[in-house]
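For clarity, chains are labelled A, B, C, D, E, F and G in written order, and residue numbers in each chain start from 1.
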């Protein structure tokens, strides 16, 4: 994914549209799935989302909107 | 619900009006019910709302306004 | 209360003026009473307010101004 | 105090100038005394202020400026 | 200190310039000393500052800049 | 890295582009890797990122976007 | 350091450029070193920075950018 040049942090999200991402939330919760949309507040829509708590897959959702201010990091 | 194209995160909420949603709040509280309204702060009105604490249904409300900054994620 | 059409979240508060509401604050405190006024920050004045802590009625106040950023949800 | 009409939350503070108020802060601290001044951030000056911790009067101050974002509610 | 009329909260700080103040921070820390300067964010410079933790004087500093958003209250 | 003159804090990040940095997050998590991009909110993209929890290397990621408001400090 | 007149809080930081400062962060962490740069958000660059945790020197860094909103106080 590092073949597209990144000059601003949100370029990384642009490059990751329709690809798998892993979102680290506060309090040891992660959301994994396909990145569908994001905005300047880092609000993010994930398709086929898996909620992972303390490293264990807990629930699957067709579509989840994650509020940006809960996000610690996003990785591709 | 993924048949409507989503290009911005709030499109997902627009598509979910009058449908069942599940809202994850901080501190392991969830609100489930029919999405009636939302605004840019992610303040949300839920009709026939069920409050779920630690996975157990606790109380039902005819109508609940959830303040946006308590929301972790919303799923459809 | 669902007979008035709600298109924005604050419409619910407008419809609830002079009616009983229940406000959930952070840390398991609730305020119950008659909604008298609110503003865009969700600051709210409650008349004949009862403070409920861990489900038990603790104190009554003639009039209480609740600061909006402590509110988790408001129900009617 | 409910004889003055309140249409906006800060009207309640206007009506309470030079009267006794009780301010609930986060973490079970209360400040009681005479309301002398407030601003739009809900910063408040209390004269003859008593600091009450876990329900017990702890200290008295001639004049205290309470920062608005620590306030949970104010009652008259 | 109550002989100067206060109509806005920051008037109290203006009246307290070059006088002793006590600042209550979050998590039971207090800063005591002479008020030298403040701004609209309630950032405050204290000269001959004493840091008091759980009621015990811990350290003295020639000059300390306290960041406004840590302040619970300031008393004179 | 101190051979480039720094007059504003973000100059340090500008000088560190394509170099190794260590980011201290809240709750004893660190991210180490090559700085690729940053913005005014201190959102930061790290390439070949290592997540270090309580001093132990936990996971490696090709590319991670760290949200600025979780950052305590960044060192070079 | 009190020989330069201070009328606004950031004057203290201006006077402290290239001098030793001690920064108190939240959760009992301190950063000590030479102040190189700061901005209006109180983001601060420290040269030859020592990280002090619970009063014990833990790590030294050539250059550290401290994010302003973690700062409780800064002393000279």
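Keep in mind that, in the parts below, contacts are C-beta pairs under 8 Å (C-beta built on N, C-alpha and C of every residue); 3 or more make two chains touch, one makes a residue touch a chain.
This structure is a prediction, so every number in the text was calculated from the model and none was measured.
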Practice task
Based on which chains touch which, give the shortest step count from subunit A to subunit G.
Solution key: 2
Practice task
Would you kindly count the fewest steps from subunit A to subunit F, each step being a jump to a chain that touches the current one?
Solution key: 1
Practice task
State which chains count as neighbours of subunit B and simultaneously of subunit F.
Solution key: A
Fill in the blank from the handout: Averaging C-alpha coordinates per chain, one finds the centres of subunit A and subunit C separated by a number of Å equal to 34
Practice task
Find the geometric centre of each of subunit D and subunit E from their Cα atoms only, then give the gap between the two centres in Å, rounded to an integer.
Solution key: 19
Completion exercise
Whole-angstrom distance, CA centroid of subunit C to CA centroid of subunit G, is 43
Exercise for the section: Can you tell me which residues of subunit A touch two or more of the remaining chains? Expected result: 69
Completion exercise
Read round the cycle from subunit A toward subunit B, the chains appear as A, B, C, D, E, G, F
Exercise for the section: In the complex, go through subunit D and note every residue touching subunit E. Expected result: 25, 29, 31, 36-39, 43-45, 47, 49, 61-67, 69-70
Fill in the blank from the handout: In the complex, subunit G touches subunit E at residues 1-2, 6-13, 22, 42, 68-69, 71-76
